[in-house]
Amino acid sequence: MIRFNSDYTEGARPEILKLLEETNYQQTDGYGTDEWCAKARDLIREACGCPEAAVHFLVGGTQTNATVIAAVLRPYEGAISADTGHINVHETGAVEHTGHKVLALPSKDGKISAEQVKACLEEHFASPAFEHTVRPGICYISYPTEYGTIYTKKELEDLHSVCRQYGIPLFVDGARLGYGLACSECDITLKDLAQLCDIFYIGGTKVGALFGEAVVIPDPDLLPTFRYMIKQGGGMLAKGRLLGIQFAALFTDDLYMRISKDAIEQSDRIRKALNELGFKIYIDSPTNQQFFVLTREQYDEITKEFALDLNCTVEGGVVARACTSWATRPENVDRFIEALKRMR
Amino acid sequence: MIRFNSDYTEGARPEILKLLEETNYQQTDGYGTDEWCAKARDLIREACGCPEAAVHFLVGGTQTNATVIAAVLRPYEGAISADTGHINVHETGAVEHTGHKVLALPSKDGKISAEQVKACLEEHFASPAFEHTVRPGICYISYPTEYGTIYTKKELEDLHSVCRQYGIPLFVDGARLGYGLACSECDITLKDLAQLCDIFYIGGTKVGALFGEAVVIPDPDLLPTFRYMIKQGGGMLAKGRLLGIQFAALFTDDLYMRISKDAIEQSDRIRKALNELGFKIYIDSPTNQQFFVLTREQYDEITKEFALDLNCTVEGGVVARACTSWATRPENVDRFIEALKRMR
Amino acid sequence: MIRFNSDYTEGARPEILKLLEETNYQQTDGYGTDEWCAKARDLIREACGCPEAAVHFLVGGTQTNATVIAAVLRPYEGAISADTGHINVHETGAVEHTGHKVLALPSKDGKISAEQVKACLEEHFASPAFEHTVRPGICYISYPTEYGTIYTKKELEDLHSVCRQYGIPLFVDGARLGYGLACSECDITLKDLAQLCDIFYIGGTKVGALFGEAVVIPDPDLLPTFRYMIKQGGGMLAKGRLLGIQFAALFTDDLYMRISKDAIEQSDRIRKALNELGFKIYIDSPTNQQFFVLTREQYDEITKEFALDLNCTVEGGVVARACTSWATRPENVDRFIEALKRMR
Amino acid sequence: MIRFNSDYTEGARPEILKLLEETNYQQTDGYGTDEWCAKARDLIREACGCPEAAVHFLVGGTQTNATVIAAVLRPYEGAISADTGHINVHETGAVEHTGHKVLALPSKDGKISAEQVKACLEEHFASPAFEHTVRPGICYISYPTEYGTIYTKKELEDLHSVCRQYGIPLFVDGARLGYGLACSECDITLKDLAQLCDIFYIGGTKVGALFGEAVVIPDPDLLPTFRYMIKQGGGMLAKGRLLGIQFAALFTDDLYMRISKDAIEQSDRIRKALNELGFKIYIDSPTNQQFFVLTREQYDEITKEFALDLNCTVEGGVVARACTSWATRPENVDRFIEALKRMR
């Protein structure tokens, strides 16, 4: 079985394992106060062009989303999100567990627009009974989205502008950030992103690390007590150095972007094949996830050999998702494309 | 600087790093549904003598405590704990964050007694206004405790008996479980523990792993939906295999107990030296943590070379904590004992 | 200014004020353990044909909804609701504040169907990744709905049947229950309702009382510890007798249904007038709320004299809501109809 | 049976019932936006000497405490309280339900000192691991306390000074405020109180009203969005006017203080009798609650005729609590004193 069903099917880049081994018997303090975390923070600040940014390391995405959102919101506030957003559908209500409603807006290709966010905010504050409704207190988007799509720079500027107008932060879930920044349609850099939002995170779990997400807060005064939130939320790793070491490796010699490009290269090959072979594309994605329609029979046949994710059912079949990652082997993509060809 | 300030100052046992490397490119499913987790579960079930037990892997202790307690309790229930219990003092209110009060009982050497727990339960149910007070719904203890002490088998039996009488589970925080089971005063085995409580966890973070805690629920029907709780609480690692691999290594060839004994051997050397040198022992601990009184000057002097944890201040000085672990080198203990000698 | 903007613009039925005055100096125990609460419970049990039912008194609707839902759900569970449901839009996220997601389904005329609820439950349990999504744990509907519509007996039977099949309770918000039961299209009785759901409440605030909602749980074993939840949620009135006295008055000599019919009679007059005068009906309601379309100019004009609720904007104008209640004076309805006539 | 077991055994002062009746058919807007609430706010502002204060009306004490505390705190913060404080022992964990730990300090006669609060704050901020512990974010005291005792002006000044130094608000639970201000040992006025703390409430439930607590926030900028919290917490009464009417009556012609003095007069008679008859006083209270020791036999005997609250057991017997209130009849106190005499 060759797996394309997710982008977390392998361990970590060898550089990371090697550094973990080399540093194994170094003695350090815990909870992210060690030298490796300090080094990783500096490397990330440099990569983001934010010498003053606060950088925090957490273990996983659901934890990071819930911790950031709970840190920002007052009890009566909620998080604006695409209805397809990860926090709205795939985190077992982790945000609600912290007491906050997800204010889900209809999405297009996994995205929401500045107009929608503005309307949502306007509606709340225009209502004479606004105290009877949840107040939007943060805007959550993913880059790339759940459907592999990305926002243009202009779209991000517009979203950020609306958020600033209403005084709420724009928070970007970057669980797959590398794959967004490395794709051909991307018109922003990591440095741009740090200007285009208030809080974002650089996903490690899906982009080369064993685990770990690096939260970047360009303005360090925004959440000065965030470490309390991390600890309370169960995200403060005792051996915090493990996160520092991994991100130090990822941000040395541009490793993070290099391995992201590898994944995109392989995904683009699948995308091209799907198009050339005439498969129906469900949502056209320039990043590391491809969504395409198969008949149920095709799906059952191909998944005998290749693990895919069944995203949803549509008329005439199902939507399959194929992911590549930093670990995807070109020869496995060859085989997958061959299998697709056999089905036409 | 040689560190004795905590038992999580190094990485992991080489066996674990080796297995992570060997399995790095294996493709597996996520979230703990892979073969390594299955294997580790089986090894743990065997070690615990519980062929039917549910075994779940989480990342860290605070997360595990909050997730288990929230899984057990109804909203109006609280967790009985020693006032010195980790959940009561060192988790930034993670239990309260899930909505539950910690019902702190006065402790002796970090322990609470069956009589105290019984009195707490009796008082609640005897009160005509019990609905106005928090109902005790779980009893939390640590083995070993925050002060390195352990419960005798008889004490555990009595606690369990009271809990059963009132229908609440006994939950044992085993963040340092190996160091308790491996010490000279211990009169129970892992198999006994599985009979003596309703939920417990086997700490990996402090006992040889990079991170990870294995929750064991001998009666699998007790919390059948626990995986929802793990996910919602941010504890479900995408690459769950990392936990499976680590615990598989720890429970192969008795590694977990062997490295625990190493730590105890070194701690016993420190304990003996402290006694022989006439240092005042704050709380006498048979496990991997030693608590002893130094003058402030002594503390300042010795911590120039050896990192210790400052536990609290007492008349005439401070209580220092020295920890050993699976990674403690005998030659570092030699040096520490020499330094202690120089102070007399 | 004559108010039709809500059904809580006056105080209480004179019978209630009189009984409050007569009993004012009686000395009773607190928190709902007094004789008046006992009497009211018995009267309600009798009216519902449920001699064994648990009956609890709370102060208001938002409080009651959040308390019931939090009492039923486990932390990872959510409440199925119409997207227009009061808990989803008008309670400032009170349900989410207790940690639970509202699983909003698209509604038609304020209602959801058994088919929708079934599909929601099926989808959850059919998903291989169900632990990553919120588990539906209760089904919340209103009778009448936010739009004044009511479910038929058949619809309720079907909803209840699906809920039973999946083991989740059907909970009916009856903030305006009297106005539903008293309307011409209603095909159920209070006794039927007690058979057709698992938990419901009889609204007092909007139907003759100063305040108060009576929660009825036909099977008393369903939530045996509900009083803890009421106390914790801030809903346990110290002078609980005030609720007992009011509901005792409402359930003596059929007062509750008599005053509900008065309100419906006046609402039906408005409904008839709107139809005869050719106003566009937004949603056709047989109960005490009428929703109709006015141009913005018409709305501004008529609200100089009559307070109406502006429900939403539509093409060509706004949707106005006019409510009657137990306190509505026929002469005020006369005037309102005259004003409507003047606008044609 | 004559009841002295609590101070909420009767309904309300006749002035209040009368005003409720007179205004019964006035039509008003809901949720505290009506003219009666506006009037009551003005009367309270005047009585407090705070023309700018925000004044909010809630229904009951537990609700008010939880709502205020949750409004002030960030998720990782807790509420400092006496261990005997109402929020710590008699509210079923309502504060923890909102996610916050109660940081209980040992109390003397129900009180805590500025020194204790300072030490608690200092300890938190001095700890290098403060992020692992709950941060004190509000200081909660009661005036009078659970044991009927009161703070001196000097004690309040000192508490307030420490709170200001650390930037946390001082919150005074005034469920029985009138009885504190009216007692002979009181050295402050309502106007003083408004200067001596940041948030307090004027209890209506126990001092003449049917129900209701008036929260006063002298600096209106402290919690500008508090109405969201009230709504979310279930404390926003639909017919908010009922609270306005009651507090308008209580703050007209000094009714609140007049009836408080009546209660104190009767309590002082009991206090004097207890002393003269040589009963052991458990805690000496100048307000409307008396705590005294009876043998179990004495308690069983006297409670055949007089309902008392059994506060706790002590060596040689039990501590009984006798409360007076605005409704206490002098002739009932006569009888109670006679009964006490018969027991000597």
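What to note about this one:
Chains here go by letter, A, B, C and D, matching the order in which they are written, and residues are numbered from 1 within each.
Definition applied: contacts are C-beta pairs under 8 Å (C-beta built on N, C-alpha and C of every residue); 3 or more make two chains touch, one makes a residue touch a chain.
Given the structure is predicted, the values throughout are model-derived calculations rather than measurements.
At the far end from chain C, in terms of centres built from Cα atoms, lies B. The two sequence copies chain C and chain D touch through a face in which the numbers common to both exceed half of the numbers used overall.
Mean C-alpha position of chain A lies 49 Å from that of chain D. Our note on geometry: chain C versus chain D, Cα centroid distance of 33 Å, whole angstroms. If you average the CA atoms of chain A and of chain C, the two centres end up 42 Å from each other.
Touching of two or more other chains is recorded for residues 75-76, 91-93, 97-99, 131-132, 228, 231-232, 236 of chain A. Against chain B, the residues of chain C that register as touching in their complex are 31, 70-71, 74-76, 98-99, 131-132, 135, 225, 227-229, 231-232, 236. Note for the complex: chain C touches chain D at residues 1-3, 5-6, 8-12, 14, 17, 20-21, 23-30, 59-63, 66-67, 91-94, 97-98, 205-206, 210-211, 228, 231-239, 241-242, 307, 327.
Per the touch definition, chain A reaches chain C in the complex via residues 75-76, 78, 89-93, 96-102, 129, 131-134.
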